[in-house]
Amino acid sequence: MTEPNQPRGPIGGEGARSLTADAIARLVGGTVRGDGSAAASGIGPLDRASSTDLSFLASARYADAVASSRASIILVSPELTDVPGPAAARVVVAKPHEALLSLIPHFYPSTIPAATGIHPSAVIGRGAVLGTGVSIGAHSVIGDAAVLGDGIVIEANAVVGAGATIGAGSVLWPGVVIYPRVEIGKRVFIHAGARIGSDGFGYVFADGMHRKIPHIGGCIIEDDVEIGANTTIDRGSIDDTVIGAGTKIDNLVHIGHNVRIGRLCLVMAQVGISGSARIADGVILAGQAGIGGHTSIGKGARIAGQAGVFGDVPAGESWSGYPARPHRESLRATAALFKLSGIMKRLERMLDKTS
Amino acid sequence: MTEPNQPRGPIGGEGARSLTADAIARLVGGTVRGDGSAAASGIGPLDRASSTDLSFLASARYADAVASSRASIILVSPELTDVPGPAAARVVVAKPHEALLSLIPHFYPSTIPAATGIHPSAVIGRGAVLGTGVSIGAHSVIGDAAVLGDGIVIEANAVVGAGATIGAGSVLWPGVVIYPRVEIGKRVFIHAGARIGSDGFGYVFADGMHRKIPHIGGCIIEDDVEIGANTTIDRGSIDDTVIGAGTKIDNLVHIGHNVRIGRLCLVMAQVGISGSARIADGVILAGQAGIGGHTSIGKGARIAGQAGVFGDVPAGESWSGYPARPHRESLRATAALFKLSGIMKRLERMLDKTS
Amino acid sequence: MTEPNQPRGPIGGEGARSLTADAIARLVGGTVRGDGSAAASGIGPLDRASSTDLSFLASARYADAVASSRASIILVSPELTDVPGPAAARVVVAKPHEALLSLIPHFYPSTIPAATGIHPSAVIGRGAVLGTGVSIGAHSVIGDAAVLGDGIVIEANAVVGAGATIGAGSVLWPGVVIYPRVEIGKRVFIHAGARIGSDGFGYVFADGMHRKIPHIGGCIIEDDVEIGANTTIDRGSIDDTVIGAGTKIDNLVHIGHNVRIGRLCLVMAQVGISGSARIADGVILAGQAGIGGHTSIGKGARIAGQAGVFGDVPAGESWSGYPARPHRESLRATAALFKLSGIMKRLERMLDKTS
């Protein structure tokens, strides 16, 4: 369908902005090799860049791609300055990746949804309070007595429950559901289909059936959190579920009832955090890791992908494996296991001899 | 944003109901220590309770929190009666947690969505049959010939497919999608974004491509089932997918085509059940467990978190590990593995000597 | 609620079509045993078929079910021709399962949503281009300058972002969200709640916080892809995310930014693919497998359920385990481990003696 090497225009059809290699070098504090008047109007990876693109080389691993790249300008790190290739200009800079990120706003408009006002099909509940500049997309529903801060953008088909509060500058992509009374801070970004404040999984077995525990607790998302697509965060049963300021959560993550996550954590895709777990500040949970109920993960700890954590993890440690252990122990155990399968027959023979 | 210790009013802004320690003791069959006229108008955990809250202590693990708790009344178990702390009154009761649950309705209104009638923006298909007291939220869509029982509450932006049936007293939170012809029983609670009756993952490779198998089977959710947010349950290919009465399913669970789950099971978050698996009554599947295709899990079996089940599990057994084994075997294997990594060098030296 | 053995009428209430055993044998190239005039008007599995159903027996494992099946006609493989049972007729055919699939269209209408035109509540953006015969369901929203090919069916409550393109013959089930500028090919089927083109999980830690990396890359879904319910596919950061033609993706799958998946792959439920991974043509990833960031999976490789892939996998190989290894090595290691736990005590005694 799409030609992979067609020119990559700026997003949204707005007028392209072009920068010369000289201008780029000034912006990122780098030096030009080649034609300083060479220009770029977009950004692309080496193998997909067009002749009007800026690209970058930050690792020797991808050096071969420079020779066949059509990019007009390439950001390179000092030790890779002389990798052969046809680009009209190179800009030598200590950290090409960070330099590139700083250049994105010069080429592309923001990817955060813009304010568009309140669509006539949106339904606003009784007593809802809307700040200035709030945008609400088509077919979205705002519950009774909800409070929306200034400049919030809510896209199409989202639902904000009764009594929920959302702080200024937050963004809800399409189809997000916020349950009643959830409290969301400022500048919180919530991607499509995330569900915030659903009832937790709590039952008491009585009279021959699992009786549902009413979930009267809160669900508090602090400032500057980002929540990925289709992620689910349950409200508390009696306690609250709390996500600390600046924590970033990826897609399809499950966070159970009464969980408290600290500040500045990174929770990657498909992680599951069971009820009442405590995650301290600055923790990193890699993809598909599972955190058991009522466990504590200490400050700055790192949990590897798919790790299964069934007990507490001390601050600052890296754990992996299933069941999870300190990463070095897991590595040693895995290494021993694969050695074992090579020596098993000899071991059994030896046991037969000696016993 | 939110002060953690601000008073926790009742949900929905309705008038607070207050109970004295004496009244609470009567309701739960307990005895009062301290001031029987002390009152509470809400419930909170020890560390977040306000001075108008009832709290509870059920485990010695949290006894320290009693000393600093602001709760006016604390439910305590007999052996923890004398834990030091400033609460005006204690109510001593055998099972504080169960007592607390029974008190929730005295303090808080129901958290189940209330009937609000049929919103004018809802679209109702031709031939759809609605029972008495059915509520349908804004922008929801009911397909042709769907049948909705008495008292059903369907919240905003939900979609019920053509010919689907839903029994009396069921609740669909916002954004739920029920595919055509799905059959849902009575008092079934379905949380935001769950997808019920989607096509299963079935293809036949022919003529150089994966050809889709039409999914003509049914999807039957029996009475008193609860389904978590963003969970997906596929319809059958030719057979039906069936979820037995009283089974509870958490968030982000995947249930493949033709799966049959028995009654009163608990299926925790992010579990995946592959096509045509058979799960008997009363089974517990803990978070992130995976059940292989065409396997059988016997009555009352328990599968640990993240376990990978590739074969049949007999009734009543507890299995864990990857690949899953009876839990004791898995524990022994894990213990042996970590011992092994400590003795590997000595083992190898010994083998070198003897061979 | 539902009687399991009630007659299974055709989907959608349309008039039943009936076929005799003789007619079925002609259609599938088989031979009739029994009453060639016996008729069926639907299809059901042996244990749930009614007396007007066609059923099938493809494996000796299910032979016992023939004796108690009420099916009027059974497709059987040659070696199972004489399994005892009361069916009026059998049709003997080399591959009963494939024969059955070819018969589905004779009994049932298509399960793909039919064209219904553009619902008046749908919101169509400025400059959107709609091909002929496009259907858009109630409360769906099409962004500015989106381009929809001929015959596309978009069901209720879906959202297509500004500038997105969708090829002819594609289907979006209810509640799908396509982010802006995503490019979707022809005959792509996207199930309820899938999110295509959301921002990837990318941050740079600077000034004491995780700063969001703008995601200006594309998200390209080629022809004949199918995407399961509630699956999430992130757009690229600077590069594009690409799903190759004919690849099929199950429910609740996560595909990170900049991932490229080749043609004709099968990605089963709850798989997670981390950012910048490269999956070649014809790869099979079984349920809950996790693929690490920047890894490469070679052409035709197969990854087992729940496997954790942290490095590159060569073409054509089968890998399993956590961490994943070639399947034979994983099997040997697992076998050795369970042997080890049986001989651990003797091993330790022996070490004590010899050291």
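Should a chain be cited, it is by its letter among A, B and C, assigned in written order, with residues numbered from 1 in that chain.
The working rule: a residue touches a chain if its C-beta (ideal position, glycine included) is under 8 Å from a C-beta of that chain, and two chains touch if they have at least 3 such contacts.
Just so you know, these numbers come straight off a predicted model, no measurement behind them.
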{"item": "Interface composition of copies chain A and chain B: same or different, split at half", "value": "different"}
{"item": "Cα superposition angle of chain A on its copy chain C, in degrees to the nearest 5", "value": "120"}
{"item": "Distance from chain B to chain A - Cα centre to Cα centre, in angstrom", "value": "26"}
{"item": "Interface hub residues of chain B, defined as touching at least two other chains", "value": "121, 139, 157, 175, 193, 230, 252, 270, 288, 306, 322, 337, 340, 347, 350"}
{"item": "Touch list for chain C against partner chain A, complex", "value": "121, 123, 139, 141, 145, 157, 159, 162-163, 167, 175, 177, 179-181, 183, 185-186, 193, 195, 198-199, 201, 203-204, 209-210, 212-216, 218, 220, 222-223, 230, 232, 234, 238-240, 252, 254, 256, 270, 272, 274, 288, 290, 292, 306, 308, 310, 322-323, 325, 329, 332-333, 335-337, 339-340, 343, 346-347, 350, 353"}
{"item": "For the chain B and chain A complex, residues of the former touching the latter", "value": "1-2, 4, 8, 11-13, 43-45, 48, 98, 100-101, 104-105, 107-108, 110-111, 119, 121, 137-139, 155-157, 173-175, 189, 191-193, 224, 226, 228-230, 246, 248, 250-252, 264, 266, 268-270, 287-288, 305-306, 321-322, 334, 337-338, 340-341, 344, 347-348, 350-351, 354-355"}
